[in-house]
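As written, the chain order gives the labels A, B, C and D, with residue 1 at the start of each chain.
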């Protein structure tokens, strides 16, 4: 493929990811999805400031890994682009980051119940999802991750995992592919709902450590990822792609 | 803009607000949304009596701040227009009022759990949402706020806040802009659902007072409001506006 | 109106009621809605055996008040037509009956919590909804109300109320108008969901007896009924009617 | 009917079943539905590897009762086809098998609450739904039933019932007709949701053993099955069929 075609393909997939996560009710008026630039790993692609459901290819901008827009041209940018910047900087193998306020994860950010995978599809969230507390380093804020130091602090909480929760705010998800980050985002949400429903019946038996590792390795392999991605593209209205 | 255009624009936004809150399941067969008249602050605009999902520009009527229709022309009016009248009279800075029966807020009107913001998007509901008890001044009623004294009593419960709950009935929301009142309405509902889901896990940690103030100031500023409003207009089918 | 037009109008409203309750998720693959014949009070109108979502005017048949089809013509009839027959026979003022399995009411049929109205819109269900236990008179059955004696037993449980629950089965709703029976059906379902959501917060304060009576009288009066019915017709796709 | 027409009809029904269970949110990106070959009971029909919502007649392949594809032609096959193979081999009277991850059943796979029918429509799930624990014979796995011995172990847990749960994974449903397996699948999901909602009110009274047997025999008879199947086909967009 020509370089132009490579970039166009990534942008197209990124647009689909924005709309697919909106169609799955992971993302709503706020939240965003980014992809590392396919040719320049020191840059990432992210929409200008608008709701993911409405993002088109023309909205996608380039950013450096400190959150600086490469060619702003007067466009408004997301205040929280530093989430993406800091994770792409800290994690060379990550190529897609999502940030969202999926309702079902919020209870796990403000209580002491640790979110763990209760069924195999959620193995992709890892053994236990960490919670980032903005108060620890930054005290009372407007709750946005709107500086690079805040993004870097959040990236440390994420560590080498696929997702982390933000207290009283939402979640970030990260993976080496766009399809993978979307799968993590969807099943993080689904698993949280499921655990909330199970708790009245008593403490659930979560997947064992071995099951988490084996199931996650299987689900993040090409064939399951492609099946899920084809499905989500169709649900978001991108049938032919 | 000519005066006519100013009024037409407000009416159009008000129609969209009616339909957007229906699309968000905040409002259903009953409930209503009003806006202060943009040129005559002693009047407000409100649909004739019909479900918000079905409201068109032709349905919008003018009312005085005691609930009297300016030019009724035989049209049926909402029995509860006094909610809007009393709030607009008491709060000169308020330009939009919503009244609805969003299901998730009802439990907080009939139990002792105080509704507080559990995530940053809900900071716009304020520190703790007051509950108005119609029994206190009016005893057994048909539960409608269908007189000016009842509207005034409710407005006192609202105080200088952005929302209040009505015991066994629903909620009112108020803000200085139509987009703001819709944001408060949506996130009041979302936050209530979230708290209901979190309570089985133990008492949630709500936002701190400082976080509520800072996040609300940020969210009710032009850029976030515009992002949310553009999204809600699109969801309600008003793409080009 | 000519007699033919009167009957056609009732049949059209009955078809809309079938589809409106399907659109509200009150009714699904099973369940049914009937209307008393507008000219012959000793007969009622009910679809042949098919899911309410799919009912058209051509499906509507006439039945006598013992459940006998007037002109069967080889058409399959609902096994549970006796629910309608017995209620129309026992309650001359009732002109519409619905039977459904709305999910949210089922918990109140198999536990000791009595379903009561928690918000004003649900005042139309009455002070406390009775539960009919088929075991009491009929022992182990296939749970269908498929004989006239079973229908009559259920009608006694309903008494002079607007609704009753069937243990391990669902509900019946009855009112003097089609719009009224639909309003009762929708708010029976909504109120049950709301109480289920409120219970984890502690025992809810239900409407007082005086509030129930006053709010129900208001809601079942022409103006609110028409607003709700116009809304439900529109939601079910019958905009012009 | 000619043999070709018989097979085409089964394939068409199978495609509809795939899409109908997707429309009912029983099945999503993963999960599958199979049918025994109508002319060769030693074979079954199952889609190539793709999400059920997207399955068309061209995707349907033939498999032997050990999971071997008859004519693979380079097509990707479901890793879990052994679920279907083993159940068709063990149960000559079963002609349709579904496998899915309906969210509401998961809590019953990881806690000690046994899933039982709480309303008559769910009598088709049987008296108590068994749970298959993959750890017992296979230890830590990737949680897929991707070998014939695993499929056979699961088939033993199913026994002569209509459904079984898989710990931390989902469910299988089986019946003598496609319409019947879909009915079991839908009401397994609905009943699980209902029990989850009822438990906070106290232990529910489930159907008696006699009620389960009588109601299930009635519901799995031709007339109710046809009503439900016609409804589900319409909901999935197959109106004329």
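Note that a residue touches a chain if its C-beta (ideal position, glycine included) is under 8 Å from a C-beta of that chain, and two chains touch if they have at least 3 such contacts.
Everything quoted here is computed from the prediction, not taken from an experiment.
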Item checked: chain D and chain B - chains in contact with each -> A, C
Checklist line | chain B on chain C, rotation in degrees - Cα superposition, rounded to nearest 5 | finding: 90
Notebook entry, point to check: Where chain A and chain D touch, do the two copies share over half of their residue numbers, giving same, or under half, giving different?
Noted result: different
Notebook entry, point to check: What is the distance in Å between the mean C-alpha positions of chain A and chain B?
Noted result: 32
Check: Between chain A and chain C, what's the gap in Å when you average each chain's C-alpha atoms?
Finding: 46
Notebook entry, point to check: Can you list the residues of chain A that touch 2 or more other chains?
Noted result: 200
Next item on the list: Between the chains shown, work out who touches whom and classify the graph as line, ring, star, complete or other.
Entry: ring
Next item on the list: Give the pairs of chains that touch; include all such pairs.
Entry: A-B, A-D, B-C, C-D
Check: How about chain B: which of its residues touch chain A in the complex?
Finding: 118-121, 123, 190, 193-194, 197-198, 200-208, 210-211, 214-215, 217-218, 223-224, 227-228, 230-232, 234-235
Next item on the list: Flag every residue of chain D that touches chain A in the complex, lowest number first.
Entry: 28-30, 49-51, 53-54, 76, 101, 103-104, 106-113, 135, 139-144, 167-170, 196, 199-200
